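Before anything else, here is the set of structures, which you'll find just below.
Heads up, the next two complexes both have chain A, just with different partners, chain B and then chain C.
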Partner chain A sequence: VPRVKRGVTKHARHKKILKAAKGYQASSGRNYKWAKEALMHAWSHAYRHRRQRKGDFRRLWIIRIGAACRQHDTNYSQFMHGLTAAGIEIDRKMLADMAVRDPAAFERLVALAKTD
Partner chain B sequence: MASKLSHSIGTHTRLWYLIDARHQVVGRLASMVALLLQGKNKPIYHPSVDTGDHVVVINTGHAVLTGSKWDKKLYRHHTGYPGGLKEIVAKQLHQKNPTMILRRAINGMLPKNLQRKHRMRRLHLYPDSAHSHALNITHQLPGPCPVFKTLSDYSSEEITSFPDIVTRISHL
Partner chain C sequence: MAHLAPMNNGCVRYICQLKRLTLQYCKNGGSSRGIREFLSETVAQFAKENPHLTVYVRQRPGRHPRIVAEFLSGNSRVVSVKNMSVEEVAGHISLLRTSSGIKTVKLAKPWHTDNPSIQGNWTPFLYK
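Presenting the complex of A and B:
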């Protein structure tokens, strides 16, 4: 096998990593070894948090829906029970959005949930 | 039609709430105030933004602790030196500073993060009914505990016209 010098390929691999670590503090944004370390943590966090994001948002929506319900004399649990009893399947994301942007419609939903 | 037309000036500003702590149980009042300071009563709540409001609590000197807590509840801290555990009973702490009990209760009920200090700065406690925020107050809220009428709150006609239950039962 002819003699191979590793500079070009190594440089290409390192450049890829350093580009992904742009904006990182101190050596992690400049030094290949530190950047690789920081990126491994970053990718692991991102993997985990992409799954947690779904639960995080649902929790936020529930807090917001609960706050909006309490402005209308009910609470989150009674409201959701009333919605399922009335056959309304609007999801929490839309309910939270309506609570902020379309409170008149949200009030109609609260009234629907309160009827038997 | 989703729009921001329903938003008013009050949607995104910090409101000022006034609460009278007379005859209110400390813990129940503190949990209500903590929710207001966090802004968790607002549909625009977000944990990364401080959506809380200002809360002015007056008459903290007349707040209530149930049971024998005035004599038995201990507030402890350690000075860092050996043998430096300081304990003070609720009654003595209240005499020293009538706002401390409620302040410690609310402080303990807020989430322990960097926003806690800012939220506590928006809490204004006064031992009596005098406070300096009259121009800022937007709403007055009732406390969480119902305030009962004492005998002196009833007029003499109501007392005399109250149905006589005792003598009717005693003949049985």
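Presenting the complex of A and C:
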């Protein structure tokens, strides 16, 4: 096998990693060794947080719905119970969106949830 | 990115959004075979049928063939026609001819609305 100098292929491999690490501070954005480490952490965080994002948003929506229905003399748990009793299946994402964008409709939903 | 403005093109009068086509090919390359056949057969009649288009034919020796489309909006799109048959090249050209000039961009979310709030957003003073 003829002798192979590894410069070209190594450069191509490193270039990919350094491109992915653009914007990272100090050596992590410039130095291949540190960029690789920083990226490994970044990718593992991204993997974990893609799964956590679903729960994070649900928690945010619940906080917003709770805040909105407290303005109407109820609380989140009573409100959600009333909604399921009334057969309304609107999800928390849309409820939170309505609380911000369409407060009149949200008020009607609270009224519906309060009726027995 | 800015939302896509609704295209009223065609509601009353249709204006072809494609302004200029540049067909770049190689005289001898194997990947240019399809577009060479297209150029020898169909392109003259295509240009005659579409007088609003300017069709340029450029030789790029030693490189893969491509079609550069420029639209009235100033956007351009480059389609590589490497190793395509005549029918595929003609298909791409007709796709460009009928397309709007909007850039093909990945949408961040599958929904969009211009008026998210009809009666107005919540403010702290709404239920005070």
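To be clear about the criterion, the second predicted complex is superposed on the first by the 116 of 116 C-alpha atoms of A that agree within 3 Å, B and C clash if a C-alpha of one lies under 4 Å from a C-alpha of the other, contacts with A are read in each partner's own complex, and residues count from 1 in each chain.
Keep this in mind: a contact is a pair of C-beta atoms (placed from the backbone, for glycine too) under 8 Å apart; a residue touches a chain by one contact, two chains touch by 3 or more.
Remember, predicted model here, so these are calculated numbers, not experimental data.
By the touch criterion stated above, A:Ala26 is placed in contact with neither chain B nor chain C. Legend: residue contacts after superposition of the two complexes on their common chain; A:His72 is shown touching chain C, with no touch to chain B. The wider contact with chain A, measured as residues touched, comes from B rather than the other of chain B and chain C. Using the contact criterion defined above for the overlaid structures, shared-chain residue A:Ala96 touches chain B, although it does not reach chain C. In the superposed model, A:Val8 makes contact with neither chain B nor chain C. By the touch criterion defined above, A:Ile63 lies against chain B but remains apart from chain C after alignment on the C-alpha atoms of chain A.
In the superposed model, A:Ala104 makes contact with both chain B and chain C. Overlap of the chain B and chain C interfaces on chain A comprises residues 68, 71, 99-104. Those residues of chain B lying in contact with chain A across their complex are 1-4, 6, 40-47. Within the complex formed with chain C, the chain A residues making contact are 68, 71-72, 99-104.
Chain contact summary for the complex, chain C toward chain A: residues 116-119, 121-122, 126-127. Residues 60, 63-65, 67-68, 70-71, 96-104 of chain A are the ones touching chain B in the complex.
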